[in-house]
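First chain written, first letter: the chains are A, B and C, and each begins at residue 1.
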Amino acid sequence: MRQTRNGGYGGVPRWIYVLAAAGGLFVVLPLAAMVAKVNWTQFIPLVTSEASLQALGLSLRTSAASTVLCIVLGVPLALVLARGSFPGQRFLRSLVLLPLVLPPVVGGIALLYTFGRQGLLGRTLEVAGLQIAFSTTAVVLAQTFVALPFLVVSLEGALRTAGNRYEAVAATLGAGPTTVLRRVTLPLVLPGLASGAVLSFARSLGEFGATLTFAGSLQGVTRTLPLEIYLQRETDADAAVALSLVLVAVAVAVVALAYRSPRAAERAPSGNGERTTPARAPGGAAR
Amino acid sequence: MSTRTHARTVVITAVLMLGLAACAPASTTPSASQSAGSESPASQSPGATGQVSGTITVFAAASLKATFTQLASDFEAKNPGTRIVLSFAGSSDLVTQITQGAPADVFASADTKNMTKLADAKLLDGTAKDFATNVLEIAVPPSNPASIASFAELAKAGVKVVVCASQVPCGAAADTVEKAAGVTLAPVSEESSVTDVLGKVTSGEADAGLVYVTDVKGAGGKVRGIPFDESGRAVNTYPIATVGSSRNKELAEAFIAMVTGADGKKTLSEAGFGAP
Amino acid sequence: MTFSVQAAVAGRGFDVSLALGPAETVAVMGANGAGKSTLLNVIAGLLQPDSGTAELDGRTLFDLTEGRGEWTAPHRRGTALLAQEPLLFPHLSVLENVAFGPRSAGVSKQAARESALKWLGEVEATELQSRRPAELSGGQAQRVAVARALAADPGLLLLDEPMAALDIHAAPLLRRLLKRVLAGRRAIIITHDVLDALMLADRVVIFENGRISEEGPTRDVLQRPRSRFAAGLAGLNFVAGHITEHGLQAGALNLFGHHDAAAPLPTGQPGVAVFPPSAVSVFLTEAHGSPRNSFAVTITDLEPHGDGIRVRAGVGGQLSADITPAASVDLGLAPGMQVYFVIKAGAVAIYPS
C-alpha cells in the first residue's frame, strides 16, 4: 500500500507518475529552452527599449480595463446562468463559452463585423462620433471577447458549489434580492470571482489573434506585448525572446496569484462540543 | 458536482490546447498527390539531363503563393514522376525554419536581406538568382471613400492609412518611398504582414493601405490599386536558391530553372511581378 | 392576530391546512418525506405551492386561489427560518451575522449592533461576538443562529430540526435555550424528538404522506395517539380496527380492552387499541383465561432495549413486547419463531380514532 504524506491511502499507480512527469516536462521544457536562448547581457536594454516599455504598459492597461469589463458583464451573466431558470439557458451558456473554442482570429473577424466601420454597430457608433477601429478601445474589446468566458465559467462554478442555502436564509431574515447579492452571494463566491478575474486578466494579457485582426498594430496605441513580440521576431530574435520571458514572468505571477491557497479562512467547525477559545498572543506580538 | 468540475477542467485544458494549435503557422501545401517520393538521388542515371524525378520541398514567401502553386503544378505536369511540396510563410519565418533544420530544397525569398542571412550562414548551394521584382501600390476600397489619387494625399488629415511595420520588408519599402516622396505618413496601424494590411483595406476599416502590386492583383475586385511614381524608388527583389542540405539538387536546379526561365517569367508577369 | 396556511403541492402529494394562535408553538412531526420541510419552505416563500392561501397577522403571504396570484417575496414575510445547520454567513463575524436581520430592515448600524448584542446576550453568546463562524463549535453556531433569527423580529419563527445536527452534549443546552426564547412566541418547529415536542410545543401536528394525520395538545397526542406514527413516538403498540362491545376487532385479531369514556363506545366505529410493550408477555404456547388477550405472532426481530430485550413481531414488526434477557434465553427466542403475545385487557386502551 502506497501511503501519502498524511498516512492516508494514495491510490495512484506508480506508472502514472512516469506519464505525469512526461506531461510536466512537456510544459516546462519549451519554457526552459526559451530561457536558455535569452541573451542575458542584452536583456535589460532589450526589455527597457521604448517600444518594449510602451507595449508592456499598453498590455497591462488594456488587460486591466478588459478585466473590469469582464467583471461588469460577466458577473451578471454567471448569476443568471447559475441561479436563473429560463428557456434557452443551456443554449446561452454554450454561446457565452464559444470564444473559448473559437480561434482568436475568428473572434477578431466577428468583432470587425460588429464594431468595425462597416459593422453592425460600428456605423451607428461612428455617427455618434465614436471610432473604435485602430483605437485602444478596440484592443480592450478584443481582449474582453476572449477573456469573458474564463470569468463566467469560474464564477458560475463557484456559485453552483456555494449553493443557494445561505441566500435563502438571508431572504427569510428580511434581506431583499439586491442586499442578498451584495452582502451574501458575492462575498461567498469572492475567491471564485477573484480567480476568474485573474484568469481573465491573464487571457487578456496573452491576447493576440483577435487584436491583430480587429485592432491593428501601432506602437503605444494598439501594439500590445504579444504583437510587439511577433513583430520583433521578424528582425531581432533576441528582443522577441527577452520580451517573451517578460510575458512568461507576468503570466506565472498572475497564475500563482490565482491559485494561492485560500484555505486559511475555511477551516471546518469541529462540531464536537464547545471548543475552547483559541489562545491569542498578547498584543499579537508572539505571532 | 465534483464530476462536473472535472469535466469543466478537461474542457478548459482542451480548449487552451486548441488555442495554441490555432496560433501555430501551418501552411505546408502539398501540390500533388499524397504518394511520397520513394526514389533516392543515387538511383538516377548520371548525365541524363532533363530527366529528373523525386520530391523536393520549396519554401517560398507568402506573396508567391498563387504563382508558385501554378508553377509547381505546371512543372509536375511537364516532368512526370516529380513532386513539388510547397510551404508558404513570411520570408523571415522561413529563414528561421531552415536555420533550425527544416527539410527545404529550394528557398524563394521576398527580399534579398533574408536570402543574405542564409548565404551568410553558409546554408545555400551556390548563389541566389533574382527572378522577380515587386513594387508598392496604394490599395483602396473599391468605393475609395477618402478619394485618394496620389501618394501625397495619403498624408491628408483624417485619412486612415495602414502600412507594414518597418521591421518587415513591405514596411522598409514604405519607409523608403516616404523619404523619396518627402511625405510623412501617420498610419493608424503598422501591421506585421502585408496580408494584414490588405485585410484592413478589404474589410473597409482603413481608407488606404500600402501593399505590393501583386497583392492588389491577387485581391481581385475587392480593392482598387493606385500606382504612384515614387514606388520605383523601392523595388523589392525576389531571389531564389538551392538549399545546401538538399538531397535532390538536380530536381531543385530544374525547378529554379523553370522559375527563372520563360515559363516562370510569363506566370510571374501575369501576377503583376516585374522582371529583375 | 393569527397565522393560517392552506397549501397544496400536487407533485409532492402535499395538502396541508394549519393555523397558529398569537403565542403558540407547534411541533411538526412525521416520517422523512412526509412533507414537513415542504410546509416550512412554503410558509417562508422558498417554494411556491400550486394552490392555497396564507396569512400572517392580517398580511397576505400568498393567495393562489382561483383567479388570484398574490405572492409576497420571502424577505417581506417576517418568517425567519432556522435550519438544521446554522448556515451562519462565513464571511461575517458573529455580531455581524446577528445584526444582519436588523440591518436588512433598514435599522442604523449602531442600533442593529445594539440589537444584535441584546440577542447574543439572550442566547448566552456575547463573548463570541467577534469570532468568525468557522471558529465556533456546532452548538455555539446554532445558538448564534437562534439569536440571528430572533434579531430579525419574525412574526413567525420556523425551526427545521434545529437540534438534529448537534451532538448529544450540545442538544440539551440548545433545547433549554429554545424553551426560554420560544415562550410567548409564535413558532413552528420540526422535530423527530418527542422530548422537543413535550418541552417546546403547546401542540403537536403529525404529518403522514403530505397530510396532517393527527393533531392536538402534545400530552394528549402522546397519551392517546390516533396515528401509528404518534403511537411510535409515544413508544406504544398501536392497532387500528373497529370498536366492538368488549374491545376492538382488527381483521382476525380480536382485542379485549378498556375505555375511559363516560358512555359505552359506539360499536362498529373505527377505533384504535393502544398498549405499552412492557404490558406484553411472550409464551411458547397459547395461554387462556379471561380477561386476557392471546394471539399467535411470528418474531421478526430481537433487539436490545434499555436493560431488556424488545421482541418485534407481526406484519412489519409492528407489535413489540419488552421482556428480560433471562426470559428471552429461557424461551430460546429467535426471529422466525412463532410465539404467543399475551396482554391483560386492563393494559389495552381502546378509543375511537
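The rule is short, and it goes like this: a residue touches a chain if its C-beta (ideal position, glycine included) is under 8 Å from a C-beta of that chain, and two chains touch if they have at least 3 such contacts.
None of the values given here were measured: they were computed from a predicted structure.
Undergrad: Which chain has its C-alpha centroid at the greatest distance from the C-alpha centroid of subunit B?
TA: Centre of mass proxy via C-alpha means gives C as farthest from subunit B.
Undergrad: Report the chain closest to the protein's overall CA mean, measuring from each chain's own CA mean.
TA: A
Undergrad: Nearest whole angstrom, what separates the Cα centre of subunit A from the Cα centre of subunit B?
TA: It comes to 36 Å between the two C-alpha centres.
Undergrad: Report the inter-centroid distance (CA atoms only) between subunit A and subunit C in whole Å.
TA: A distance of 51 Å separates the two centres.
Undergrad: Averaged over CA atoms, how far is the centre of subunit B from the centre of subunit C? Could you give it in whole Å?
TA: 83
Undergrad: In the complex of these two chains, what residues of subunit B are touching subunit A?
TA: Its residues touching subunit A are 1, 4-5, 8, 11-12, 15, 18-19, 22-23, 90, 92, 96, 160, 162, 165, 167-168, 187-192, 196, 199-200, 203-206.
Undergrad: Can you list the residues on subunit A that touch subunit C in the complex?
TA: 165-166, 168-177, 179-180, 183-184, 187-188, 190, 265-275, 277-278
Undergrad: For the complex, give me every residue of subunit C touching subunit A.
TA: Within the complex, subunit C contacts subunit A at residues 44-46, 73-81, 83, 87, 89-92, 100-101, 104-105, 127, 132-141, 148-149, 152, 154, 158, 165, 167, 169-170.
Undergrad: Please name which positions on subunit A make contact with subunit B in the complex.
TA: Result: residues 100-101, 103-105, 112, 116-118, 133-134, 153, 157, 160-161, 208-209, 212-213, 215-219, 222-223, 227, 230-237 of subunit A touch subunit B.
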